[in-house]
Amino acid sequence: MADAPAIPLADPAETLRRAQQGKGYWRRVWKRLRQDKVTLAMAAVLVFLLIMVIFAPWFTTHDPYDGSVLRRLKPVGYPGYWLGTDEVGRDLWSRMVYGGRLSLLAGVMPVFFALLIGGFLGVLAGYAGGLINSAIMRLTDVLYAFPSILLAIAITGILGSGLQNTILALSAAFIPPIIRISESVSAQACHLDFVEAARASGSGTLMIMRYHILNNVLGPILVYATSLISIGIILAAGLSFLGLGVTPPNAEWGLMLNNLRQALWVDPVIAALPGVMIFITSMCFNLLSDGLRQAMDVRL
Amino acid sequence: MTALDLTAMRVARASNPAPLLRVDRLTKHFPLRGGILNRAKPVVQAVDGVSFEVRAGETLGIVGESGCGKSTTARLLMHLVRLDSGKIVFDGDEVGVAHGLSRRDLHRQMQMVFQDSYASLNPRLPVALSIAFGPLVHGATKSGARVRAMDLLQAVGLDPMQFANRYPHELSGGQRQRINIARALALEPRLVILDEAVSALDKSIEAQVLNLLVDLKSQFDLTYVFISHDLNVVRFMSDRVMVMYLGKVVELGPVDRIYRDPRHPYTKALLSAMPSMDPRRRATEAPLSGDPPNPINPPSGCRFRTRCAFAESVCERVPPVLELGADGRSVACHMLVAGSGHSRAAVV
Amino acid sequence: MWAYTLRRLLYAVPILLGVSMLVFALIHLAPGDVVDLLVPPEVPKEIADSLRARLALDQPLYIQYLAWLARLLVGDLGISFFTSRPVSEELFGALGNTLMLALPAAVLGFALGVALGALAAFNRGTALDRLFSATAITGVSLPHYWVGIVLVAIFAVILNALPAQGMGAGGFPTDWEHIRHLILPVITLSLIPMGVISRLVRANVLEILSHEFVGTLHAKGLLNRRVLYHVMKNAAPSALALMGLQFGYLLGGSILVETVFNWPGSGGLMNLAIFRRDIPVLSATILVLATIFVIINILVDVLQALIDPRMRR
């Protein structure tokens, strides 16, 4: 995963120029988003995916755990099982839909946690400076010494597999880049005049962070975090692919890819199918994050 | 000094009430990066031994060229920058010491309006919230702070119904500066520092805002420190004026007297550079010679000597002291101190 | 310059200490008794006892950590839980195999990345550029291990043209038979660096073009040699830095591709260790890979400081 690039804040003069009729910053962002067709389409796809995954029983006809040796590895188009069956005879379509639950959970939750923890620590480090900054950034550097997947493997490989550890591991992998970007934007923000004016009213650190820093740095941090979701989905599936993530007999896209590897020689199409879901979901989140970035005027 | 002079001084002091703000030998040096080759790290001597007083109810103007230390002085007063040495005493309480005034309490008494009206407002907050932030910090309730913000909007001439929920980018420069003034007043300070507060405004707007400031001063019984490089504006606003050069005070006194009869060579030069409508007062030659020296390595002795037409060897050796004269005017120049050794000084 | 290098090296020491502490902490947080994780059960008693003494397993934690650290520093990476052989034996052979994949993948990925990025930048706004953007976003969304599987499906299963897994005879590739085994894994591994580098190069080249040659921008596709040379020279430093980092990722993050192709590299070793729950091998491999990554990071920083003096703070 590439290093977090330096994010400049939206230039105040430019923001002034692009000011529209609308009132606040977020309302303008929302307006711009509504006009972006691609992003709207992606959002729609994701919402549909989410509905399908949550209300899985309505979209599938078979039990994802119900396998039968007689039905092993039936090809696409087999009557009753439109995407075929997997290596123990379970309906592939059901498993893909149900698998979406765990795959999405394992991909999105880490970003959420990383945003909460990393965002707070990073903004604090950026604003407070000095010793607090050094302490937080040095800890971040230790975590940064690992390529993200290696860190995730270290945690799940040693502590054990399963959904909980996967979320823990990926959160640990995502916290450092979020700390870095939060610290960078926050450090830039604290030099702005209005922050000095806020200090001149005798305010303490926490109140300034809450009223003046947070609302100015949230934009870039949020954009970066959403771009991490697509990576999270790929990594979570990757961990399951290695046997470190979700455990069998649960359905999860990466785990399915792994289980179907031997099936590659029998039916290559079936074996590759779960990856399509990973790809589509990741792509949707990527395009969504790009659209969000454009709407927020943040230059990455 | 004769006995007559002493008596005159005592009389002068007795008629003056205790100052609201007393600043004693304020010093701030900014260290610069580098200095690997030289042993000593270069420093910018932004403010060096500045002392003055501000009396309750007056407006003290501070003038000087860019880089003279006016803005740094303002930030030192507001404790936005930590001082290297010196004392600040507000209404008898020293700031920053154990039994004196804390920084937080100081900010309830003394506030500042900044120059850049746009940059000093959080673009993500509606202006009413920017104004209400100060009271919120000091314990006001949300509704109480909002009511105060509305009242202040009214006081600075903006209709609260229209302006409370606007964002800074939706306002003009003059309106924004009114918001900044409202914000400064939100904590009910006694002293307001105006750091080039009108410098960035168009002339017509500037006049409106200045008049507003004058009204507010009498309405809320305020004391002003008015910093500007615009000599005309300073004359209009101030009772007394302080002239700074390269981190030091060179002249201080009632504004009309200084403008009519400047004593320090630098003040003379500054004032003669003011464009005038009077054809008899046209400047025919450049009042100042030489380049403004480097604040990193200021000249020894009197800092102005490199551009002064009257500089002599004593100016190079001895830094002049700001002497309080009998008429309430202070000047820091060897020419005006008897017995200093300057050829133009009186002999004791 | 040397002061900077020294500072950078010195700074790496606490980082590496932190890394070792992290791994140590993970081992001790793992479910189950530490002893069961580190000392193989079938080993004869004397060896088990000596191992226990060397690991100081009966002592307080900080002594255990110091003992472990001391052994690491002399190169003793522990005994494999599964094979009861020293970890270092297997690890360095495996690293060599990973290098055999990582180097060609790096070369391929960087070369293509630079070429594609520059091409897209010079042809800005045309259909070619938009194709590039579409490919770039697709590339970032593709799980590369899945691409590996797809490639195997196409070339090995359906077309039967290339081998699906394994290294072949092992050792340095000397003939076509060897190289056949390399092709698919190298291509798969090169995808991510190619994507990342091409995006950076495109952004950098565009920025340089907008600075200096505002008028010449309209002369699309005019690959004037002098223009090209100037642009590349200016885009080089940050591109090189990123390449260094990507190479580090290739070495440390190859496990997924190696799993797909059953490649016996460091990733494959880790995979086996995970499967067998061989903690000594796993932890030692992670430590070594992280150390290599840190060293590569230092090299990249120093090289960047060499090229661009502004970096030397």
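For clarity, chains are labelled A, B and C in written order, and residue numbers in each chain start from 1.
Simple rule for what comes next: a residue touches a chain if its C-beta (ideal position, glycine included) is under 8 Å from a C-beta of that chain, and two chains touch if they have at least 3 such contacts.
Nothing here was measured: the structure is a model prediction, and the numbers come from that model.
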{"item": "Per-chain Cα centre nearest the global Cα centre, belonging to chain", "value": "A"}
{"item": "Two chains sharing the most C-beta contacts", "value": "A-C"}
{"item": "Chain separated most widely from chain A, comparing mean CA positions", "value": "B"}
{"item": "Where chain A and chain C are represented by their mean Cα positions, the distance between them in whole Å", "value": "22"}
{"item": "Mean-CA-position distance for chain B and chain A (Å)", "value": "52"}
{"item": "Chain B-chain C separation of Cα centroids, rounded to whole Å", "value": "59"}
{"item": "Sites on chain C touched by chain A in the complex", "value": "14-16, 18-19, 22-23, 26-27, 29-31, 137-138, 140-143, 145-146, 149-150, 152-154, 157-158, 164, 196, 242, 245, 248-249, 252-253, 255-256, 259-260, 270-271, 273-275, 279, 282-283, 286, 289-290, 293-294, 297"}
{"item": "Touching residues (chain side chain B, partner chain A) in the complex", "value": "78, 80, 103-108, 111-112, 114, 116, 118-126, 129-130, 133-134, 136-138, 165, 167, 169-170, 180, 183, 186-187"}
{"item": "Touch list for chain A against partner chain C, complex", "value": "1-3, 138-139, 141-143, 145-150, 153-155, 157-160, 230, 234, 237-238, 241-244, 257, 261, 264-265, 268-269, 271-272, 275, 278-279, 282-283, 286-287, 290"}
{"item": "Contacting residues of chain A [partner chain B, same complex]", "value": "12, 15-16, 19, 23-25, 192-194, 196-204, 207, 211-212, 215-216"}
